[in-house]
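After this come two complexes, each holding subunit A, first together with subunit B and then together with subunit C.
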Partner chain A sequence: MSTAVSGSTDVPFASAPPRRIVHRRTFGLGLLLAPGLLILTAGLLWPCLTMLQVSLQDRFPDPTGYTLDHYRAVLTDAYYLRIIGRTFLLAGVVTLLTAVLGFPVAWYLARSSSRRKHLIFLGIIAPLLVSIIVRTLGWTIILGNEGLVNAILRGLGVIDEPLKLMQGFWSVVLGMVHILLPFMILSVAAVVGKIDRSCLEAATVLGADPLRRFLKVALPLSVQGIASGSVIVFCLTVGAFVTPVMLGRGQVSVLAVTIHEQMVVLVDWPTGAAAAMILTSGTLVVLAAYGLFLRRHARR
Partner chain B sequence: MAAHDLPAPPLRTVPRGERLLAAYVALVILFLALPVLIVVPLAFSSDVSLTFPPRGVSLRWFANIWARPEFLSAFALSAAVALVATGISMVAGVLAAIAFVRHTFPGRDALLMLFMTPLVFPAIVLAAALALVMTPLGLLRSFWGLALAHVVLTLPYILRTAVATLSEIDRSYQEAAHTLGADRWQAFRHVTLPMLRPGLLAGATFALIISFDEFTVSMFLVGPGVMTLPLEMYNYSEFTLDPTLAAISTVLLALTCLAILIIERLVGLGKQFGG
Partner chain C sequence: MMISSSDAVGVDLRGVRKWYGAVPAVRDVSLAIRPGEIVSFLGPSGCGKTTTLRMIAGLEHPDAGEIRIGGGLVNDVAPWKRNIGMVFQNYALFPHMSVAENVAFGLAMRREGRAEIDAKVAAAMAQVRLTPLADRRPSQLSGGQRQRVALARAIVTRPSVLLLDEPLAALDRKLREQMQVEIRQLQREVGITTVFVTHDQEEALTLSDRVVVMEAGRVVQTGTPAEVYERPRSRFVSDFIGFTNAVAGRIEAVEGGTATVTMRSGQTIRVPAEAGLAAAQAVDLVVRPEKVELNPPAEARPGRALVSGTLRHSVYTGAVTYHHVDIGAGETLIAMASNGDGHGEAPVLGSPVTLGFRPENMLVFASAV
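After this line comes the complex of A and B, so read on.
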């Protein structure tokens, strides 16, 4: 990318621009970034730093000193550890499922003719237009004891007693996969669409069968899209609240639910803040890994 | 891959693998549409409970929306927050996008990543953190507190589409404007902005939807009298499970479709994402 600025006609042909203009450039850049930086500072950085501070306070409000006790309490409590484990397991399972289920759709989407592409695209983003509450409610209607699946199975005489499909973990997985699948498909499709078709044709000409062509050529070329989709899906699952509450029927405690409980119901902000910081650091580790991956990928 | 992409197609029929893939894609789209396909018919149900298929047809649940002023005021608040937040995000996002695309400066990539953080930041943490700092400021349970939170959440969506669109615009147009005597503002207003418009509209549509449907962050910031529609719907579902919520969603769906249709007519929204 060129180093020129929007006001490049101001710069004369001189090889070294006068210092005055450099100053104006920096000033202009600052003005462009100022509103965004202000929003991020007021709405993200400052609140998070405050939360970090609260998680280290011995009391809230009116602290008398700083302590790591709340972190110790969370990380040594078997109940909390189970919840942390379940949260990250849920995120892992949902990420894996969306990647496996979404990849063929993204592939097909990116390679379709423009008319069909338009239709598939609409089919994928249309669910995003429907309130998350309603989509989750839809699943409870489908899966509940009096729900559609049980009604059909009973009507067919397959079962007498309703199956308990709203049993917790897997119904939450289903709901999360349903909500996040479009994000994965769009992320992967963005990268797959840019793959040079001649690579795949070359593989075919050189005698690769479809499976080999997929594993050795298509997959490595799409890996960046899968990675960015996975980061989005993983992070959104880790912080999700509505779906675990509504589809888990109170039986699937994840970190988001526990943090909410700790802060709003028990009004224990420091412990809740410590749990929140642990959740955040988990997310940051994933993001850092993604950053490393991108850098390595770019170098290759 | 479509059959006509092969170097020399030996057959004119679609390969079996291709047909299988198409069937699979159709299945996935059905899966994505399933809850909606259930919810919309339920809105017209005459039953008091949420059973599918409905046993009779009525419009009583639509009437019930009107009978409950809390849904209408929640709708008004959600719409106002979404519009204000998207507006602010658009100004901040476009300015930042110009900085990111047209300038190089140290730490640019890191800063861009920071701007994108709200996209993946755990909503529950952001919610609690915002509640923590807004309480002493009196912003809790206020319109502007909600609006600020939604600006943070929508900014990445606007910025992403603005950066993508801006990188596609050839700089020479702008330089031509300068050569013809336009100043920076005139060049932006009459050359860059019109070319940005389709991408911006797409980003704004997404931002509006994200804001309108936002749940977790708002949960910590709302209170009696200041309630967004998703929260009001959730509260309702905690105590009453009748088709009222299905009716609300059907109304929202109709409104969204209308809005999308209008925008699609104006700029071709699908092209912005599908291309």
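After this line comes the complex of A and C, so read on.
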């Protein structure tokens, strides 16, 4: 190491700024953060704590004591367990698909100099302006028994009876992917756009063919974007309500729907609250595991 | 780590062209770079240096012409198969890898064994004195350290050609000079054919076996540093490399290889005539300040061409002093005097002086008009 270089890291800002200024700065910062934190606390923490409390009460309303029975009930009920499994499977599949489908679009959006990319950007943003219900209805129109796909296939004489496109897990996946893709694309594009082009070129010159350049350089440098996109998509899918109901035609029960039924239809608040707490903590566990996995693998 | 110079390969460019849409980046470059040679591309911003380098690396595809590396045509060889080492202007280190991982990347791409990679990486890092920094991230390095990582990463794979695109531009002067020496030493040691892009003429002169001067997408002169400095073939080259005096003149007569030129002030000098000059032609007279001697009036060493004038001011810069002499008609010639032998008796400002120079040091170029 050369002596000319080594000096450059330490010296500057040796003395701390005067104390009073530090205080004033912290105060100002607190003032700036307060409204946001207040909304977050009021909107997140308070309902969560209420839910937690309800889930532990033996009756609702008019509790007489606390118990873990509702949790036990949910976690030992095969019906509930299947729904929990399906919910997380749905979220996992949707996240994976949005990542795989969204990455190339995000890459193009962030890195192409083409003028067409503004149109594509518009195409990605526009659906966000239309309500989820309307977009989901759109899919039912396309996929329904009297829908577009069946009409075309029947018109072409390919089929006689309408295909049952509108039921089951995969039509919900399709709808969710469609609705959540913009979030993934925008998250990935924000990070991908900052990748230095010459880094990719350096990999090429050093002997990396396009596949290995993607795996060793482009992908690791995009991980932050894929991660934040995945968190958004996963959380939104886990809590999704409208789309599973409409596209699943009542046959694809997910936890959010079941919780709603438990509380509103069966008026069993404590069990519903326990299920909601399980959903929330399950999501947190999955996200934490995912974060650890990424941290380990982003290194290489 | 050593590559004997017999491994080195030449690079040939023939009639290479590259357009970006309607913009001609490289109009016509033909050049033969010899095995083991270090050549620098020198020229003003936008003259096509980077584009030419990128075509050699395969990052751009030439629209016309041939590129050969070691005799083989590489126009359609993918860049990752060309076995080239390249140092980018911004270093382009992989931010998600440590220094050692950066250096190992090219070897890993060549699917070398773990032990072999480790040994080569260690050797390359020692060569550029980076060993203590192996586990750092590029973001934790200084500019000069990053530059050395980039260099180690480029040479560790034993490329057949090393390309450097203004690798020193971001460094301060002292560090730059130090790195110049290091690059030169490394290049000698490794014996790699090297192309070095710069727009710093001093760097080009100190670092290269040959200098390729480019202007607007073309090669305007190729030669050793001394050749391009002493015998520039055009006004552009003489201006671009080093500091020059230029005054306007008109050729009176050309006879027996000697041209008689009248300057605007009416003074006449006789200089060797380049081919292609004819009587009545408007020309530029160009001479380096260090070739001009400042003398008392009507005094000069034998064999010198003389121009008389008035000393307007003297600029002392330490090792040398520049004397600005008004030679009439608003034109100025600058004479450089070494301060080596004490201080000399600098003439009084405003006093008449005579400038002397060897006629062959006065270059005559047809005026651009």
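By our rule, the second predicted complex is superposed on the first by the 248 of 300 C-alpha atoms of A that agree within 3 Å, B and C clash if a C-alpha of one lies under 4 Å from a C-alpha of the other, contacts with A are read in each partner's own complex, and residues count from 1 in each chain.
What we mean here is this: a contact is a pair of C-beta atoms (placed from the backbone, for glycine too) under 8 Å apart; a residue touches a chain by one contact, two chains touch by 3 or more.
For clarity, every value in this text was computed on a predicted model and none was experimentally measured.
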Let me test your reading of the model: by the given contact rule, A:Leu221 touches which partner, first (subunit B), second (subunit C), both or neither?
second
A:Met51 contacts which: subunit B (first), subunit C (second), both, neither?
first
Quick one: name whichever of subunit B and subunit C touches more residues of subunit A.
B
Check the residue A:Ala276 against both partner chains and state whether it touches subunit B (first), subunit C (second), both, or neither.
first
Should A:Val205 be classified as contacting the first partner (subunit B), the second (subunit C), both, or neither?
both
Considering only the touch criterion stated at the top, classify A:Ala42 as touching first (subunit B), second (subunit C), both, or neither.
first
I'd like to know which partner A:Pro63 touches here: subunit B for first, subunit C for second, both or neither.
neither
Looking at A:Tyr108, would you say it contacts subunit B, subunit C, both, or neither? Reply first, second, both or neither.
first
Same subunit A residues contacting subunit B and subunit C, which ones?
1-2, 4-6, 8-9, 201, 204-205
Complex contact set, residues of subunit C against subunit A:
57-59, 78-86, 88-90, 92-96, 105-106, 108-110, 129-130, 132-133, 142, 144-145, 153, 157, 174-175, 178
Could you please specify the touching residues of subunit A with respect to subunit C in the complex?
1-2, 4-6, 8-9, 196, 198-199, 201-209, 212-213, 216-217, 220-221, 298-299
Which residues of subunit A touch subunit B in the complex?
1-9, 25, 29, 31-36, 38-40, 42-44, 46-48, 50-51, 54, 101-102, 104-105, 107-109, 111-114, 117-118, 120-142, 146-148, 151, 178, 181-182, 186, 197, 200-201, 204-205, 210, 231-232, 235-236, 238-242, 246, 255-256, 259-260, 263-264, 269, 272-273, 276-277, 279-280, 283, 287, 291
Please name which positions on subunit B make contact with subunit A in the complex.
1-2, 5-7, 17, 21-22, 24-25, 28-29, 31-36, 38-39, 42, 49-52, 88, 91-93, 95-96, 98-99, 101-105, 111, 113-115, 117-126, 128-133, 148-149, 151-152, 155, 159, 171, 174-175, 178-179, 184, 187-188, 209, 213, 215-216, 219-220, 229-230, 233-234, 237, 245-246, 248-249, 252-253, 256-257, 260, 270, 273-274
